[in-house]
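Should a chain be cited, it is by its letter among A, B, C and D, assigned in written order, with residues numbered from 1 in that chain.
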Amino acid sequence: MMSKARLEAFSDGVIAIAITLLVLNISVPSPAARGTLAHKLAHEWPSYVSYATSFLTIGIIWINHHAMLLRLRAVDHAVLFLNLLLLLFIGVLPWSTALMAEYLRESSGQNLAAAVYAGSFLAMSLSFFAIQRHTLLTKTHLLHEHVDAAQREAIYRRNRVGLIPYLVATIAAVVSPYLTLAICAALAAYYALPTGAASASPAS
Amino acid sequence: MMSKARLEAFSDGVIAIAITLLVLNISVPSPAARGTLAHKLAHEWPSYVSYATSFLTIGIIWINHHAMLLRLRAVDHAVLFLNLLLLLFIGVLPWSTALMAEYLRESSGQNLAAAVYAGSFLAMSLSFFAIQRHTLLTKTHLLHEHVDAAQREAIYRRNRVGLIPYLVATIAAVVSPYLTLAICAALAAYYALPTGAASASPAS
Amino acid sequence: MMSKARLEAFSDGVIAIAITLLVLNISVPSPAARGTLAHKLAHEWPSYVSYATSFLTIGIIWINHHAMLLRLRAVDHAVLFLNLLLLLFIGVLPWSTALMAEYLRESSGQNLAAAVYAGSFLAMSLSFFAIQRHTLLTKTHLLHEHVDAAQREAIYRRNRVGLIPYLVATIAAVVSPYLTLAICAALAAYYALPTGAASASPAS
Amino acid sequence: MMSKARLEAFSDGVIAIAITLLVLNISVPSPAARGTLAHKLAHEWPSYVSYATSFLTIGIIWINHHAMLLRLRAVDHAVLFLNLLLLLFIGVLPWSTALMAEYLRESSGQNLAAAVYAGSFLAMSLSFFAIQRHTLLTKTHLLHEHVDAAQREAIYRRNRVGLIPYLVATIAAVVSPYLTLAICAALAAYYALPTGAASASPAS
């Protein structure tokens, strides 16, 4: 069976690559285009905000992924498959981040783009939640012995609750893409800062 | 000689990068293009299906690659070279996946594109099979002692049989590119799901 | 909590990817464009200089990052967050490097582009300094015992002084983008060469 | 000081990324362009040949890099710097490979493109040779004790001789870019195959 160490190394690799590919979506303005560079760079602010938001969010899922693996003493095939699904959705983020930045200020398609953006975070969180659910509820023998029933229950609940903000951000896209981006950015900042980490994080 | 650990770390790196580069082939529709974003995104479905198919297929070859290395206690130069060939074909997949997605609905070139797509999976599987053949039949001293003759025989046969589906998918491109994509997607789903893993996988 | 080893492996991954993505900004001149290839390649010299400068600078920060982690025996949440911020700014460098190369010889925007270029190095150095400050001044229990007060003081001062050259390079953009690039290139060469390493480096 | 393990891990990362980025230079022909897909794919053969050549060449330098590090028991600052230079030239290969493929059949610039292509391999080999020279001749205390004077001499000579083919390939660009590509491809095949590995390799 797959060793935990190699699962972790491979996941780290995919996460590190996805997080670094985000930069490819920030374009260099053409010198030939009209206006000053200051104006052209300022105009690209959705790229910067969505870059920082996605970067921090992927960084947080990486931290949580590590915490999850620390609790496990072995992985089964379901963990392998669900982890692959998680990586598949993390791998999609450079694209959904670019979509968000491209459509934020458009007068058509902006709501759908925002829904896809927050929805890709939701899909990522759901895959992560599925791994947690599998190991915390169904296959508890995969956990280290020191993780007792009360802890399992607490982690499971915290993860389930942690899905709500991304669901809200996805639904908020109906109202405004700015609202969705603001919720996602606020979540990233909240979980990244020490206060957020101490309390419930989407997938710790 | 090359240590098994570094061969594994390097292979994991290349596989993780190739799997993450797949996303670069999903394009962000231009806001200036005609039609709603929903329509434009829906129109890109071949990109999503081929992304998911290639992602899972690469994920499965990664799992199988790990299982193979677990059986080895040392690697020789032939393993090194064949592994490099395997990585070369895995490295090609972001391109062949983009080719498949681009031509699926075209009225010209669609069959060849599908043949190239399934053919790149076949080339990858053949390289993997060559490593297996080398260690299971020719250089059995590279294997751990606990892998006995019966096991070697079983793994070898399973791998040989596992080449057939990709051969079939490649030939099916003559009939229809949709058929090829459907076979490849079905194989990815089958091997990724627990049932598939328990039975013969293309290269376990 | 996050283990130092995984923090290091992940950081190494992001740094290695960012350093390798720099090459995507060196374009292949179109055969259809006017002039000889020699002329067209020579015309792209800002790409080469900024590639080499950014490559060496990222290489130096990687070396310094390793030296910093060697001093730590544990990481807390603040280190995790500040490290993520450091990676976020390293991740931006392929973009700011491309911006510098694109605008160096323009008659408009060239100063701002240079300021952004040196400014991204400054932001990277500031994030690194923040980690140093946190562990050297505030949370000294995160350090190995053999790092005594005199050493902490020396490293801290050296790091603070090391911020100045990038601040100067950023301000120098007001005068000329060539000056900024020259300072950044000189710094990269100075720190990369043995002499520079023996003396104060921006973040050792 | 930098540990050998982290130097190796970081180098492996950069090498794995550079080798995988090569695929970005193989383009997907536009369905809108004239001609059948078969014709368009066949027309791209320089991309395939240069992809395979560069892939194998990078794979070989990775194997040789590993063999070199196995001989070392420690690294000094010069090794760190020369290794960074080696990675800088490996990082350039996706660009020089694209340049070679783009200009091979042009009637202008083809010789220079080929010289740059082989020249980038030469620069890579020279950086590698510089590390070897430094540890085999100057700083022999960096080597493991079992590497005696006769071995050091033999490895050093083999490496020096190994520079010649890439020098020849670079000069051959004056005659024909096809000749340069053929030499580089032949070298990659020769060193990758068991026979080549047993005899002198450019940088073992």
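The working rule: a residue touches a chain if its C-beta (ideal position, glycine included) is under 8 Å from a C-beta of that chain, and two chains touch if they have at least 3 such contacts.
What you are looking at is a predicted structure, and each value in this text was computed from that prediction instead of being measured.
Chemist: Based on CA centres, what chain would you say lies at the far end from subunit B?
Modeler: C
Chemist: Can we say the copies subunit A and subunit C touch using the same residue numbers, with more than half in common, or are the two sides different?
Modeler: different
Chemist: Please state the rotation angle, between 0 and 180 degrees and to the nearest 5, that superposes the Cα atoms of subunit A on subunit B.
Modeler: 90
Chemist: Return the distance between the CA-based centres of subunit C and subunit D, expressed in whole Å.
Modeler: Centre-to-centre distance between subunit C and subunit D: 26 Å.
Chemist: Return the distance between the CA-based centres of subunit A and subunit D, expressed in whole Å.
Modeler: That pair's centroid distance is 37 Å.
Chemist: Could you say which residues in subunit D touch two or more other chains, in rising order?
Modeler: Those would be 9, 13, 17, 21, 24.
Chemist: Work through the pairs of chains, note which ones touch, and then classify the graph as line, ring, star, complete or other.
Modeler: Ring.
Chemist: For the complex, which residues does subunit A have touching subunit B?
Modeler: Interface residues on subunit A, with respect to subunit B: 2-3, 6, 9-10, 13-14, 17-18, 21, 24, 77-78, 80-81, 84, 87-88, 91-92, 94-95, 98-99, 102-103, 106, 108-109, 112-113, 116.
Chemist: Show which residues of subunit D lie in contact with subunit B when the two form their complex.
Modeler: Interface residues on the subunit D side: 8-9, 12-13, 15-17, 19-24, 26, 28, 31, 36-38, 40-41, 51-52, 55-56, 59, 62-63, 66-67, 192-194, 197-198.
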